[in-house]
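Following this line, the structures themselves.
Common to both upcoming complexes is chain A, partnered first by chain B, then by chain C.
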Partner chain A sequence: MTVALTSSNIKADAPSPGAPDGARQQRLRTSFDVLRLPLLGRFLRWRYSRMLLQSCVLLLSLVMIGHAFWGPQLAPKNLAALLTWVHFRGLVVIVILLAGNLFCMACPFMLPREIARRIHAPRWDWPQKLRNKWPAIILFAMVLFAYELFDLFSDPWWTGALIVAYFALAAITDVLFRRASFCKYVCPVGQFNFVCSTMSPLEVAVRDRDVCGNCATKDCIRGVHQEATSSKDAFTKGALPLVQRGCELDLFQPRKRGNLDCTFCLDCVYACPHDNVGILTRLPAEELAYEGTRSGIGTPERRFDFTALTIVFAFGALLNAFAMISPVYAAERWIADVTGLRTEWPILAAIFALALVIEPALLLGAAASLTRFFSRSDTPLLSIINRYIRSLIPIGFGVWLAHYGFHFFTGLLTVIPVAQNAAKSTGTAWLGQPQWQLGGLPETVVYPLELGFMSLGLIGSWMIAWSIASQRSSNRIALRFAPWAALHLLLYVSAVWIMNQPMDMRGTFLGG
Partner chain B sequence: MAETTNLTTLRLLARAFAILIGGSVGFLSNSTSRAHEGPPFPVLMDQSLAGRTVSLWADPDIGEATFYVIVEGDDVKQEQSEPTVSLWTEPVSGRLERVAYATQPHPQRNHLQYEAHPVFDKRDTWRVGVTLATDNGTTETITAEVESTPPGMGAWDLAIYLFPFALLGVAWIIAMARRRIALQRHIPIEHPRSIAASSHSGASAIPGECE
Partner chain C sequence: MENDSMRTDGVAKRLPTFPWRTEFVSDLARRSVFLASVGLLALMTNGCSSDQAQTVPVNVDLTFEPAEPMVGDSKVDLRLTDPSGNPIENAAVTLEGNMNHAGMKPSFSELSEQDPGHYSGTLEFTMGGDWFVLVDVEMPDGTTAQQQIDVPGVKVP
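The block that comes next holds the complex of A and B.
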């Protein structure tokens, strides 16, 4: 029997007499529901909680932008560089690991977009041909490339310019195109968060699927429109003003699986007339074992753009960490000697092409070929890769977590003296004199954390690969699993090797 | 049959994870010289030296260490020639002679950055001096004390720190395997369309659906 893991803690109630098995399934999630918590739950259910969170982050973003352009241009003394590359990145992955995609929930780019939409309502739908992850994948790779090429880590001015560009791109996209086009199709940070949040312990999901089965309005996706005041209004209800949005990312709650494409905006929670949507606990990575159609996404196993996104996510994790250590310079010098090139960008482009295209193609092709050989099937290699690619997400997440966690934990308290220094520059030291001695956790503590995160990532990848290998047949599972397990181990060993290299200047505040 | 398979999976993965953690501890505890070197930290910040604002950042690893001297000032980029910066080190205990090191300048946006690579032979407290000489003949020195970074951890330290991760990993494996077993026992394969069939409106009526 083929069984895929589905949503967690689903209780099958006693069947009602006379009803057919499939129809009488009562699917009720008994997981812990964050929205039921006394204080936090009440706050999150408050309609303006998201706007409050966004306002706080927007205010912080404005301070960062100001400091980026008018503050000190030494990265370790600048709030924009420090908060963006040390604290924000670290917090994003740690919060996703411990809770969920809360950064998208508090995303500061959405407030200016909302204001802009009040001035100019969007009139177009996002082009059909671009309704995939390719625009975001290209931007994701470009951000990684620009980060290395321009040493954004050590450049507050360009970091500020990047933040401003991000605000502008979000506002322009969503002023022109309806629904959450920027979040779903353009935002590279969003795609990164979506993929990471498959590892989260929380998920926005329905509490009782039977309630959805009997729901006539589907407000969770359609939104709540103003009450009709006449029979004519009732006839054209869809044209009445929207008082509460439904899911702008096209995730229909009863058919939603996991966290892919979910921004935790909670619009579905506010829209549901039956109070049937919660923030429920589940097993991290559980959704990766699920194979099949998901609302708003289709079937990821048949979408090569999802495969490409996962490749950039997993191999990009290694590349991003590799670029902060000394051997990257040796590689650059070697390419320069061989090709005679004297400018950095084509050399860096060659390293990116090697790490994000050639290496994945060879490794994934080899693993898929072996799986096909052991399965004695004639399935196309690309189909096998598309099925197994999601097993790379846990190890990729582990590497991101180790890398960003390292910067975050070792520089945890540095925000205090930098903020004190920024306050001092206004004329009075109203936050006190800068306490420059404040740093973070010692490396002796952070290093085992890095190893632990990556080891958990490896074990997660193995579990998912085993699950995929056992989904279609109970024969030769170990043989089908082995090539992917070897690939995961190879990525793990590479990551451990990278984390054991002396960090070069590029990986520090002072990199130049 | 399926349950047996899952239990075998559980045992296999738990065993692999134990070997992985044990192997990592064994391998990494024997490679202390390769311990991950972290970002530099500030030793001196915004000190006035020969009319400039100077900061010293250190990555004082045993073996070849790295020190960064940051020279800031409004006119620092307009100067005809860069100031000369040198750095020396000596153990506070006086067990070794003072050794001077040249620095490499790396001009940055609105500041100058100098890099030096002194050598520390073992874990000790070192006195570090930064000397800055300008065109007009002013030469001043500032000193600070730094402890060289100890080598990586031993096997027991690593094992202790990694123990919670090992517990988490095993718990995760058990939970995933139990979930699979529970689903195989009680829940039939659920096709998402079955929900659409039971709902009042079909899939095509849902805006944005792309199945």
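The block that comes next holds the complex of A and C.
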């Protein structure tokens, strides 16, 4: 499908058809372009499409917040608990698998932030020292921890409080700091989506690199400013009011690679005067094989914060699933017996430290040592880990998909009776009587799906590790690949074991 | 205010600060009595709708057979008394089992009266894990009461 070729500005300078032209292939992405689709493409190219999507999700969030605080305090009957922990989480990963980071695109937290910014324009730039993923990594780990400690999945009130806190944090951050500081440096959901979306089949990318080469304005990053009305204005063009933002996440289209840090906000699409940005199809995970500098990110394989983010992502996937099965009680009880502790948080903190710091350090250290040994080099271990860590993303994503997919598919239709029940509490059953018999797919059907997701993840991880192993030298590729392949297999086997346990969905037990 | 009581109920549900699973289940009877004593609070769990129906305080003593319910059908015995300890007869008693985690289909059961104030029936636990049971009581005079009883740690056979 070479939809991009029909674009007029490309036709003009395209060589005669049939002539094999490597350079032309290089600069032209001959992939399917969602923005060229008749209805969907037109909708997305409409400047207010994002705001419309966000408004819908915002409305839904307000209903959820209302139900969290004033509805029944029983998770299975509360829209906040159900939609957050069953439907939303599941949809996020499934949509990323099938399309792209559409949650960030429709993110409801951005709307109050936009309004707040009209009242108070941000004056500061995000501090240089915090221009990395650490604030978000810490928040990500804290959310995972709070989720287990306070049993958020069984607690509508706290789920509502979390959503409200999220709105507040996004608005405060972006009222104080310019550009998309919250998305890029603070938001844990955003980082989760960014990492996941390296696995998705769609990417916001330029259609023809040559057009960018000849582009004088670079509006995709600078933004479109109001037309100068006098020569004096033209002189100070950058200071004129912005009519269309450029990429607030500092991704300069011609040098952007992959989906990391892209919120699918489409500002670049609206800003580009040459209509040269599309939503193009690509091979999922392909970007993980790429090594090198990219716009707005630098060189991820040299950034330890990206390594830490991937560790929390991949090992957190296992931890989050492990915390739902009964052996975790045994582990907690054992720690309590050994230490004599009688409060939960230190025990849970110990389990977290074990799963997110000690275990990864040992496993990654071992794999990197073997790789170093086989390649007879004296590269520092951390550099090897930083390079290979991205091979953990596919298997990590597979585990998140399996776990959240499990809740999503087994609980798919429960939203109907819960919504009917909520409507009924307004006085009349305007959505009908609650159909409590509605559930979802049976576990026997969902289980093979889970296995499929995780197996795809394993294969993906192996492919990426192989490509990393073969990137710098063609010697002993298999030997350098093997330790990482073994690590992926270990994670896969642990995940399969976890998914084979009955999901205990504990609430009261750890929640002391 | 109503909201506050709901929170209090949420806290009461997990008052024992380190309730290991086994102790918890064998303690079921004691816990039911404990919960019954905060029955008025439990009545508020139905949120806004609770002010429409007239509600009354009742004591509910719920036991399962086997005492630690497993996945599958469990036999249920329920004793219903008024605050002064007299059995309540001819009430319509419905149970609704739910998991703590959202996204699971509830299971329902109607109990039938065996002796005065003693109701029994079966309830199906469809999955291992932590459950709670909502006991809905409709008195012969039309007044209603609802109570929530935790059933943690339903085992998979």
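In this text, the second predicted complex is superposed on the first by the 479 of 512 C-alpha atoms of A that agree within 3 Å, B and C clash if a C-alpha of one lies under 4 Å from a C-alpha of the other, contacts with A are read in each partner's own complex, and residues count from 1 in each chain.
The rule we apply is simple: a contact is a pair of C-beta atoms (placed from the backbone, for glycine too) under 8 Å apart; a residue touches a chain by one contact, two chains touch by 3 or more.
All values derive from a computational prediction rather than experimental measurement.
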Should the pairing of chain B and chain C on chain A count as a clash or a fit in the superposition? clash
Of the two partner chains, chain B (first) and chain C (second), which one does A:Ala81 touch, if any: first, second, both, or neither? second
Please work out whether A:Pro284 is in contact with chain B alone, chain C alone, both, or neither, and reply first, second, both or neither. first
In the overlaid three-chain picture, which partner chain does A:Asp155 touch, first (chain B) or second (chain C), both, or neither? both
So in the superposed three-chain picture, is A:Thr428 touching just chain B, just chain C, both, or none of them (first/second/both/neither)? neither
Looking at A:Gly411 after the superposition, I want to know if it touches chain B, chain C, both of them or none. Which is it: first, second, both, neither? both
Counting touched residues of chain A, say whether chain B or chain C comes out ahead. B
Quick one: classify A:Gln128 as touching chain B (first), chain C (second), both or neither. neither
One more residue to check, A:Val445. First (chain B), second (chain C), both or neither? first
Shared chain A contacts, counted only where both chain B and chain C touch the same residue: 72-74, 76, 154-155, 157, 407, 410-411, 436-437, 439, 443, 502-503, 505, 507-509, 512
In the complex, the residues of chain C that touch chain A are 2-3, 6-7, 9-10, 13-14, 16-21, 24, 45-49, 71, 98-106, 108, 127-130, 132, 134, 148, 150, 152-153, 156
Would you pull the chain A residues touching chain C in the complex into a rising list? 69-78, 81-82, 85-86, 151, 153-155, 157, 326, 329, 333, 336, 342-344, 407-408, 410-411, 414, 418, 424-425, 436-440, 443, 502-509, 511-512
If we count contacts the way the header does, which residues on chain B are in touch with chain A in the complex? 1-2, 5, 9, 13, 16-17, 20-21, 24, 28, 31, 34-42, 45-46, 55, 57, 59, 61, 66, 68, 70, 72, 106, 108-111, 113, 115, 149-150, 152-153, 157-158, 161-162, 164-165, 168-169, 172-173, 175-176, 179-180, 183-184, 186-196, 198-201, 205-211
If you look only at chain A, which of its residues touch chain B in the complex? 1-6, 8, 10, 12, 21-23, 25, 27, 72-74, 76, 131, 154-155, 157, 179, 209, 212-216, 218, 221-222, 246-247, 249-250, 252, 254-255, 257, 283-286, 289, 292-299, 406-407, 410-411, 417, 434, 436-437, 439, 443-453, 455-456, 458-460, 462-463, 466-467, 470, 474, 477, 496, 499-503, 505, 507-510, 512
